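Comments concern the structure below.
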Amino acid sequence: MIFECDNPAAKPEIKVGNVVLGGNRLVLIAGPCTVESRSQLLETAIAAKEGGASILRGGAYKPRTSPSSFQGLREHGLELLAEAREITGMPIVTEVLDTTQLETVAAVADMLQIGSRNMGNSVLLQKAGAMGKPVLLKRGMCSTVNEFLLAAEYVLEAGCRDLVLCERGIRTFETATRFTLDLNAVPLLKRQTWLPVVVDPSHGTGREELVSPMARAAVACGADGVMVELHPCPADALCDGPQCLTPEKFHDLVKGLRLMASAIGRSV
Amino acid sequence: MIFECDNPAAKPEIKVGNVVLGGNRLVLIAGPCTVESRSQLLETAIAAKEGGASILRGGAYKPRTSPSSFQGLREHGLELLAEAREITGMPIVTEVLDTTQLETVAAVADMLQIGSRNMGNSVLLQKAGAMGKPVLLKRGMCSTVNEFLLAAEYVLEAGCRDLVLCERGIRTFETATRFTLDLNAVPLLKRQTWLPVVVDPSHGTGREELVSPMARAAVACGADGVMVELHPCPADALCDGPQCLTPEKFHDLVKGLRLMASAIGRSV
Amino acid sequence: MIFECDNPAAKPEIKVGNVVLGGNRLVLIAGPCTVESRSQLLETAIAAKEGGASILRGGAYKPRTSPSSFQGLREHGLELLAEAREITGMPIVTEVLDTTQLETVAAVADMLQIGSRNMGNSVLLQKAGAMGKPVLLKRGMCSTVNEFLLAAEYVLEAGCRDLVLCERGIRTFETATRFTLDLNAVPLLKRQTWLPVVVDPSHGTGREELVSPMARAAVACGADGVMVELHPCPADALCDGPQCLTPEKFHDLVKGLRLMASAIGRSV
Amino acid sequence: MIFECDNPAAKPEIKVGNVVLGGNRLVLIAGPCTVESRSQLLETAIAAKEGGASILRGGAYKPRTSPSSFQGLREHGLELLAEAREITGMPIVTEVLDTTQLETVAAVADMLQIGSRNMGNSVLLQKAGAMGKPVLLKRGMCSTVNEFLLAAEYVLEAGCRDLVLCERGIRTFETATRFTLDLNAVPLLKRQTWLPVVVDPSHGTGREELVSPMARAAVACGADGVMVELHPCPADALCDGPQCLTPEKFHDLVKGLRLMASAIGRSV
C-alpha cells in the first residue's frame, strides 16, 4: 500500500510551517480545546510557547455530540488563531468539520485537522488531502489500526504527503477513563508506515492527572510528538475542562518528556 | 428534549412517498447494497416489490473503508434508482455522504440516508435536516443510544420532522458477526422518543443466515420495520455479498414476519 | 467438534426433573436473583409457578464483585430452595461458584448453574460436567460465541449430555443497558450445536422495562426458553432490584410469549 | 477502602523471596508461558536470569480455552520449577486455577498467580489470599479498573498484604493486537492504591515485536515491573509462541528499560 515503509515516495519527516515532524526532535502541539475568546487564546498560546510547544492547536469549528453544546467561534475563531500565530510564531493546526469549510480553514491554518468523528468520512479525507496543506488525521474512536491506515491512504492518494497520524483513544467498556488511549497503536503504526505519529493523551484519557504519565509512555514507545489541551483555568473551560492542563502542569509534563527523550536519544 | 414522547410536535407516523412509517403496518425497506448496473437494480427492485417491500434502498455514493474499493455509480446510480421507482412505484432511500452531494441526491431521493460513519457529522445532520425531505438516520457503529438521540436532535432542530432511526449493529469484541446488532436499542428508543425505529439485520450481523431470525426478533421487540439487502446473485455482489439475501430468502423472511406481526397485532 | 449437530450423541431435548428443554415447548426459568429469606423465596416461587414458570432459579452462593456485598445464604439458601421445590413441584437450578461446593450444591439442585464469571474456569467446567446432573452454562460477559462453545466442550467431554447454554449479555461500550444482550448468539448457537439455548434478559439488559420485549425477541429468533428474575418487591431486593420483575409483570411477559410462541408453532 | 493510599496497613514494598517489588528498583518477571520440559525450562530460566530477570514465571497448570489444547505438566511442572529455582536462585510465580490446587501449588511457589480468567472468582481470591503467600493478581480481560480493585480487596481482606496487581490487556474491537494493553490503568492504579503494579506486554499485545516498546511505555507511566514470556525457540512453543521473546530480544528489552529507568530515577 501507498504508506508502506519501502515506498520511494515516503517522507518520514514533514514540515508544518518551520516545524519538522517525524525527525529526531519530539514535537509538542498544545493549546486550548476550543478558542473561547481573544484573551483566553493568547494567554494559552503564550503559555504553550513558553512551555516548549512548537505548534498551536485550537478549535474554531467544534464537533459536538449535542446541538445544545457550544459549537465554536467559527470564522472569528480562525481570525484569533491567526493573531496568535502572529504573536507567538507558532504554526496552527485546527479542525475542519465539512468539505464546505475547507477553503475558509485552509486560508488560515498551517495544518488541517480531521477529527475522530470524521476519520471514516472519505469525501472529506479526499478533499482535505487535495488542499496542498499538511493534514493531521486522528484515529476514529472505534476504528481499528487497519482502518486508520486505509483512511490515511485516502489522504495520501489525494496528493498529500505531509500527513501525520494521531492516536487519541478508542471506545471500550472501561469507564474510569473517557476513552482508552491505545498506545499499542504507536509501535504498530511506526512499523507499518513512514508517517509521523503523535499521541493525544488529553482526549485519550479525559483526565488531566493521567495526561503527563501517558505522554511519557507515548514517547517511550515511539511517538514523534504529543498533542495536549491547555487552559489558563480548566474549571472555566467551555469544553473538556477535566482533561485540560494548566500552564504549570504543562511545564512539568515537558520536563518529564525531556528526560524521556534523552533516554532514547531524542530531544524536545 | 425535542424528541421526547410528550412533545406536541411529535409525529409518530411519518410518510415517505405514499408509505407510512411508524404506524401499525410494518415497513420493509429492501434493495441492493450498491447500485451496480441497470439490470441488477431493476431485477432486485422488482423482486423486492413482489416480496412485500414498500421502500427501495440502494447505494449510489458508497462510503468505503478503502480507496481501492468500488465507490458507487454516483450520479448514474441516482438515475437508475429513479427509473426503478418509475417501474415499481416504490419510493427510494439512498445515502448522502457529504453536504456537497445534498442537492443532487435530494433531487432524486424520497428519503435521505445518513449512514453509520456520518452519525456524528453534525454539519451533515443539520444540512440534511433542512432539505425538506424525510431522513433515515443510522446509528453510529460506536455510538451509545444517548449519542444517537443527540444526533437525531440535530436533524430535528434543523426542521425535519420526518425522521426515522435505524439500529444497524455496534462494534464489540465478538468476531462471529460483522457487528453486534443491538436490539436492546429498539425498546430503549421506542420508550424515549416518538420516532419510528427500523432495524438493519444485514449490516448488523453480516451473515445472510442470521438476517431472517434477527428480523423476526426486531419486530418482536417493537421495531416499526426492517431494512435488508437483496441481490439476485449474492456471490457476484460488488459489496457485502455475504449479508445479501436472494429473492427467495427474502420471501421466506417476509412470511416469517407476517406471522410475527399478526401475533402482536400488527401487519406487514 | 463434540457439539456439532450431526454428532450421534446429540440430545436436542434434555430433561431437568420432569421438564423438557429443547423441545417444542418453551421453558420459563424464573425466581429471585438471590434467596434472601424463606418468605421471599416461597412467595416468589409460587408466583413464578402460577405465572407459567416450570423451573425455579435462585442464588444460594452469590458471585459478587465487591466483598462488602451480600454473599448469599449459602447452605441455608439450598435448604430453602429444596423446600420451595417441595411446595411448587418445580425443579431447581442454582449456581455453583467453586469446585469445593459441587457436592453440597449437587445434593440439592436439579441443575447446576455455571455463571458468567466462571465460564472460562476449565476446572469447574470439567468437574461440574462429571457430577451426573444437568448443567446450565452462562456465556462469559466477554466471551465470543466460539469461546462459549469451547467451554461447552469441556462440560460435554466430562460426560454431561444434559447441557443448556444461556446468553446473558456481553460487555460493550453502551451504558444505557447493564450489558448488551447479544441475541445474534441465539441463531448462531442453534446452527452450530444441538444444545438447547435459553436467554436471560434480566442480566442482559439490567432494566426491568426491557425484560419483556427482549424475552419476546429471544423467542422470535429461536431461543428454547427464557430465564428471568422475579421479586415480590424489587425495590427491596438485596441484589439486582432494577432488573427484577414483579409477579404482575411476569404474567404480562408470559402472555406476550404465548402469542410469540404460537406464531412460530411452539407453545409455552 | 482497604487499598487506599492512606491506609496504615499499606505496604508499598513487598517481598517475594529476596526480591522487593514496589521499591525504586524495577522488577523483571520472565520465563516461559508453559513449562514444557526440563531442558526448555532450565534453558529459559538461565537466560532470564542472565538477562536481568529476578523472578521466574512459568505455567504448570494452564487455563486453556479449548479442552483439546495442552493443559500443562501440572505436578511435574511444579517439580521442574522448584529445580529451576534451585539452580538460578530466582523465586517462582505460577498460576493456580482452582481452590483444590492451592495446597499443592503453595507448597512450591513463592508467589501465587491468579489469572485473568479467575479475577472475578471470589472464592479463589479469598482462599488464595489466606495462604500466607504473596499473590500476583492479573486484571480480568473484561474488568474495569474499579472491578480490579474490588477483586484486590477480596485478597487483602483474606489477610494477604503482599499483593501485586498486573495489567495484561483488555478485550476491545481491535484485532491487530491479541488484547489491548491498557496502560492508562497503571497511573490510575498507582494513584488509587499503595499496591505495586506490573505490566504484562506479552499477553497484552500478543505480538513479540510490540513487547519491548510497550514494556518501555509501562515503565514510563509508572509501572513497578514488567512480566514477559521467553522461549528459547518461540516457533516451537506449545502455547503463545507469537508473543514470546527469544533470550536475545529479552536482552535488548532490558537494555531499553535500563535507559528508561535511569531517566525517571529508578533502576533495573
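Order of writing sets the labels: A, B, C and D. Residues in every chain begin at 1.
We take it that a contact is a pair of C-beta atoms (placed from the backbone, for glycine too) under 8 Å apart; a residue touches a chain by one contact, two chains touch by 3 or more.
This is a predicted model, so every value here is computed, not measured.
**Student:** Count the C-beta pairs in contact for C-D and for A-D, then report the pair with the higher count.
**Tutor:** By number of C-beta pairs in contact, A-D is the larger.
**Student:** Which chain lies the greatest distance away from subunit A when centres are computed from Cα atoms alone?
**Tutor:** Chain centre farthest from subunit A's centre: C.
**Student:** I'd like to verify one number: the distance from the centre of subunit A to the centre of subunit C, where each centre is the average of its C-alpha atoms, in whole angstrom.
**Tutor:** 48
**Student:** Between subunit A and subunit D, tell me the centre distance in angstrom, where each centre is the average of that chain's C-alpha atoms.
**Tutor:** The mean C-alpha positions of subunit A and subunit D differ by 35 Å.
**Student:** Going by the touch rule set out above, which residues of subunit D reach two or more other chains?
**Tutor:** In subunit D, the residues touching two or more other chains are 142, 171-173, 175.
**Student:** How about subunit C: which of its residues touch subunit D in the complex?
**Tutor:** These residues of subunit C touch subunit D: 63-68, 71, 97-101, 117-118, 120-124, 126, 140-142, 147, 150-151, 153-154, 157, 171.
**Student:** Quick one: in the complex, what on subunit A touches subunit D?
**Tutor:** Its residues touching subunit D are 142, 144-146, 170, 172-177, 180-188, 191, 204-205, 209-210, 213-214, 216-222, 256, 259-260, 262-264.
**Student:** Which part of subunit D faces subunit B closely enough to touch in the complex?
**Tutor:** On the subunit D side, the touching residues are 171-173, 175.
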